[in-house]
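Two complexes come next, and they have one chain in common, chain A, joined by chain B in the first and chain C in the second.
Now for the complex of A and B:
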């Protein structure tokens, strides 16, 4: 149960990072910062002001979206490798703020974040899981809508060629900010879900390694597609549970996997034109041809 | 003839390097104007100023009477100035028809809500197909743009520029790297567009193409305008022969 909830949260995180990095092509090595901002916003509102979960969660989404817009501004002026370093820096700064500013609980973090209640009764884990799955579905619907919309097309054009996109009427600033805000807000949602489920959060949960874990999931599954991040988050989320002994070496394994993947299958497992997808398509074609002949 | 584009004593300095110096000319509606000059004369810089990639240092550029200074590139594109690039820049990972659709969306992008609507509707697909048909790319509609040969990528860029419903198209060396028959087709295409009322400002090194296509030519050298007039005058202009043809003999 715990694993399923964690995976659900990772699926939302992977989908949200994929909007920024996969669709808009803006590499981010600091996604855990927004995950953390959402978790802290929701957790602190609940513990300090006693606000109910269903107020904390929208609050987390809005705060993270706004911070995403603000932190996205320095990212607008830099591209590619410089953007990677900028986003990494943002992650370190955000984590340091959580760790060293007393207002955020310092090294002790935020504890005793309550589980949400329904009609005055505290949610069980299974109900919580259902809720997380519901949010995963909402994230999938939003993602699907995005890729079919003019906004999605504009983001794709920015990923492919910024100059040509501008000359085709795409306002770079506007659409990059939209991608950052949407991706961050969705990560904020994941953060809120995480905080209330774990009940205790601290700055360590939202460091640079966590960003790499999220990015690994996106890249492993297939960046730039919807199925990719979902499958990536599920496989990489489940794997450590099945191989308990490797839990300590999780990041090492993810790192090694990224290296191998980049060499042999940069599109990811289920990315466009990846080995698996190519073969599935071929089989599919064969089958339809056979069907047509027999028909 | 009402002026469509007015370039009025435009200068551009890059940290003290003079790229353009006091260049003025005007273009009428539906005209084909050639822009020539040796390498480094400032032709592409001028394109980048017109499309808003960088601001002018001094002077002004007006399109249909409106001063373009302060408008960003996306706004200027949406106002109806399309362009192609010297080194082609298609959206490689997108399909051919999606490349055109990106520009077709120019009227949607400024509105958040309009940008949320779907782009793969029948109406937009058939409109985009119309542009592909005009440049002869209809049979490649669902192919990835990166798989097209250079000549077709250049046509795709033209289709993409046309999807902005432009009244002015800037073509940066459209004939560069093309084989003979491709070049002839391209000239035919540009002529056809022009007949439909689109004005064309074209940078081109291939002299026969320029002479054949353009009604008027502006010659730049070292950032300054050294001549302007119909092809036959330009061909005999001693300044042009000195600056342009003379330099080519050196090289």
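Now for the complex of A and C:
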């Protein structure tokens, strides 16, 4: 149960990062920062002011979206590899703020965040899981809407060639900010869900390694598709449980898996033109059309 | 007056300490910037090579208790490992999206750290080098023997690097490749050999830095590459990716400002976030770094 809720939260995170990195092509190495901002916003509103969960969660989404827009602005000035390192820097700075500013609880973090209650009754884990799954579905719907909209097209044009997109009249600033706000707001949602489920959060949970975990999920499954991040989050979320008997070699295998996958299957497991998708297409010719539309 | 003299003395001491840290950063970040110049990839696993250099140096030092021989062995083996990484990993990824080598590099870094932990244990290992040299003392400034070692080796390696890059045919080819790889290839430069050479040079520098840090702090441990991995990235961005003078400038800037932050100002921010704060601030005004070109 716990594992499935965590995986659900990771699926939302992977989908949200995929909007920034997969669709808009802006490599972000600091997604955990927004995850953390959402968790802190929701957790602090609940513990300091005693606000109910269904107020905390929208608050977390709005706050993270706004911070995403603010932090997105410096990111607009820099391109490609500079952007990757800048986002990584933002992750370190945000984590340092959580850790060293007393207002955010310092090293002790935020504890005793209540589980949400429904009609005065505290939610059980299974109800919580249903709610997380519901939010995953909402994220998928938003993602699906995005890829079919003009915005999605504009983001893809930025990803493929920024200069050409600008020449064709795509407003780079506007669409990059849209991608950042949407992606970070969705990460804020995941953060809120995480905070109320874990009941204790600290700066350590939202460091650079966490950003790498989220990014690995997106890339592992297949960047730039909807199915990829979902499958990636599920596989890499289950993997630690699966590798439990060989605990000592778990992280080694994780690293090696990333290396091998990037070396031999850089599109990710289910990315466009990966070996699995190619074979599925060959088997069911008819489904090709469907697959291409959903990609 | 005596108080003023004391402050100046402290200042000078902080600068000396800052330059020591800065030299180590410079050695690590230079390799990263050379690789970036040639291949345009962010080589995170470079910090893994650095940690490996420390382990190799320690291992060699146990066989032959001569620090300079140990350092040469560590540099040579680190350099070879750099070539292996380039040949096996990056070579096939150059035409892929930028995120592919990045993730592969991060994966390799994670795997390397874990391999060190499994092979030699999670503990901090001592690097016991005894210096007979007494510290130099100028007034209130004290330069210890390990600091002299760090300065000496860094200056020697920087001079060597400068000579190779600006005076030899190899260096000319390397500069040509980092300006425009395809054009250099078309004009008959043996691009593949130059890329391997650049990986050898940069990994050897990282290996030397690993040995120096191991000796300087008398400790070698599996995750010693963590902080340099992030900080070296901040430094090369700060200096302007691929710019060698910019990287050296950035390294000393970060090293000195870090020691000053700890020595004088009581800001409740960890020193490891400082490099990134400086970097982001500089990027707002110069999006291509201090000495970077568009």
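General remarks:
We adopt the following convention: the second predicted complex is superposed on the first by the 275 of 295 C-alpha atoms of A that agree within 3 Å, B and C clash if a C-alpha of one lies under 4 Å from a C-alpha of the other, contacts with A are read in each partner's own complex, and residues count from 1 in each chain.
Definition applied: contacts are C-beta pairs under 8 Å (C-beta built on N, C-alpha and C of every residue); 3 or more make two chains touch, one makes a residue touch a chain.
The model shown is predicted, which means the values in this text are computed figures rather than measured ones.
Aligning the two structures on chain A places chain B and chain C side by side, free of any clash. Once the two complexes are overlaid on the shared chain, A:187 sits clear of chain B and of chain C alike.
In the overlay built on the shared chain, the residue A:151 is in contact with chain B alone; chain C does not reach it. Contact with neither chain B nor chain C is seen for A:60 once the two complexes are overlaid on the shared chain.
When the shared chain is aligned, no partner comes close enough to touch A:37: not chain B, not chain C. Within the superposed three-chain model, A:74 lies in touch with chain C and out of touch with chain B [touch as defined at top].
In the superposed model, A:165 makes contact with chain B only, not with chain C.
In the superposition on chain A, no contact is made by A:234 with either chain B or chain C. In the superposed model, the vertex angle chain B-chain A-chain C (Cα centres) comes to 80 degrees (nearest 10).
Put simply, more of the residues of chain A are touched by C, taking chain B and chain C as the two choices. Touch criterion not met for A:177: it reaches neither chain B nor chain C.
Between chain B and chain C the least C-alpha distance in the superposed model amounts to 11 Å.
Looking at chain A, you'll find no residue that touches chain B in one structure and chain C in the other.
Here chain C touches chain A in the complex through residues 36, 40, 42, 88-89, 92-93, 96-104, 106-115, 118, 230, 233-234, 237, 241, 268-270, 272-273, 276-277, 279-280, 283-284, 287-289, going by the rule given at the top. Those residues of chain A that touch chain C in the shared complex are 21, 27, 74, 77-82, 84-86, 88-90, 92-93, 95-96, 99-101, 208, 212, 215-216, 219, 223, 248-249, 251-252, 254-259, 262-263, 266.
By the touch criterion stated above, chain B contacts chain A in their complex at residues 51, 53, 72-75, 77-78, 82-83, 85, 89-94, 98, 101-103, 105-110, 114-120, 160-161, 163-164. Across the complex, chain B is touched by residues 145, 148-154, 156-157, 159-161, 163-172, 174-175 of chain A.
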